[in-house]
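Pasting the structures here.
Look at the two complexes coming up: chain A is in both, with chain B in one and chain C in the other.
Up next is the complex of A and B:
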């Protein structure tokens, strides 16, 4: 599915990267451990996390992730938003729990 | 083999989590400009990120140096800091002495050195307690047939 479709599926708010929502996602990775993400997440995936500090943008950039999705009502720090804007990283937020978010994405995958 | 060329030398500040990851990003961008194989860039990016984060989390200050030669890419991560008393223990997946603050941010899973090991073709670590640590990571270009 595209990021645009994903936004509807998980009732997300687009924080940065409005211009990049036509991109197709290539999967989902769920983790709050940065070393786990950097070692295993793959290019084009969206990343579900509750970590909101600036370093998540560095990880998304290094791996060419399609978006970072902050779940369970987590909201990115101001610095994180600025950095994501500068680097062209898509940030989304959702009030849904990580479980519910992952579940909806799993159900809607094709 | 041709003389190694130093392409980047980037200072890294201990405990500065705001800029952490920028050295790895610059290394990645530089390699992309050289048109290097993307799977190799991924390995270099992961290893460099982990080595940079280790300076930020565990050392006082240091630097990341990117070098290329005819055979491949070398990234050096060198720091002044507390050093590693037991390297075998440090290489064990899950072992970490990271602070509570670092752990709360999702660091300190004890997977950094194992990630580096997995991504490099050759890895050398020189460390001295209360002096510092030098990590030399070598990546060989894929052979073209």
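Up next is the complex of A and C:
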């Protein structure tokens, strides 16, 4: 699935990284503990979280993640958005719960 | 004879060049100059998950300033806690223990910043290559147990913050482990927290990552002298010793 397709599947809003939506995702990781993401998420995955502070961008950069998806209506802090813009990280938001978001992505995986 | 109690000014949470998010001027000479200018009598050095810069800071400690060796540890639950030790050896032992426990993820300087280790003269000696902004694989309870076993004091850092605090990570103060002290951030109103935690010793500390933050809203320690045993009495509010958060 490309990020463009993913955006439709989970009714997401693109906050940053409009130019990168043709990228294919390599999977999904769900966690709100940054250290857990650092330890276990894989390059090219999208990351579902409700953590919105600026450290999430550094983690996405470290692992070269395809996008950070803020679920359950969580919206990234202003500083997080600025940092993501500067670093070229894709940020998406969705009003869907984490469960619903992950469920839709699982159902549509290929 | 009854001891005469004095008022000391303390900042018990200060980072150095070893913490990737801290500024590069956080070296002994400049940190101490700023602390003295801010009227600080007691300063704790608390880098993220490391004690490697403690020797540089304790060796350069100017007369009249009491520098407490410490660390800001991050538990498995991503809770930050301030650890303070009576002497350098115990702090370094805890530092070595934490180093063996740190995940083998390397720091990327361009993303997180440098983790500069200072030599005895306060000059850069090298880099900590493992990422210090990470969690050790010990739970809150295990971490507290280990620090106390080494003779250290440990209490939750910046409990009012929405990230990396015991409240943000657990949602409330768990019944165990118990803490006598809680740290609060410079900006949060004291009255509200006083009401929420009437039984605890509240310690306001700067969590300084930059020189100008050192000594911002310090706490007062009411003690007979600058001594570890006196400090423990103050933390436990015993024998008229106490901590006053502003």
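In the analysis below, the second predicted complex is superposed on the first by the 110 of 110 C-alpha atoms of A that agree within 3 Å, B and C clash if a C-alpha of one lies under 4 Å from a C-alpha of the other, contacts with A are read in each partner's own complex, and residues count from 1 in each chain.
The rule we apply is simple: a contact is a pair of C-beta atoms (placed from the backbone, for glycine too) under 8 Å apart; a residue touches a chain by one contact, two chains touch by 3 or more.
The structure presented is a predicted model; accordingly, all values stated were derived computationally and were not measured.
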Once both complexes are superposed via chain A, do chain B and chain C end up clashing or fitting? clash
Please work out whether A:62 is in contact with chain B alone, chain C alone, both, or neither, and reply first, second, both or neither. both
Where does A:79 make contact in the superposed view: on chain B (first), on chain C (second), on both, or on neither? first
In the superposition, chain B vs chain C on chain A residues touched: B
Does the superposition put A:33 against chain B (first), chain C (second), both, or neither? both
Quick check for you: in the superposed arrangement, does A:53 touch first (chain B), second (chain C), both or neither? both
For chain A, which residues belong to both interfaces, chain B and chain C? 33-35, 38-39, 51, 53, 55, 58, 61-62
For chain A, which residues count as touching chain B in their complex? 32-36, 38-39, 43, 49, 51, 53-55, 57-59, 61-63, 79, 87
Can you check the complex and tell me which residues of chain B touch chain A? 17-18, 20-22, 24-25, 28, 42, 45-46, 49-50, 53, 105-107, 109-112, 115, 118
Note which residues of chain C are touching chain A in the complex, please. 74, 76-78, 103, 105, 108, 111-112, 131, 133-135, 162-163
If you look only at chain A, which of its residues touch chain C in the complex? 33-35, 38-39, 51, 53, 55, 58, 61-62
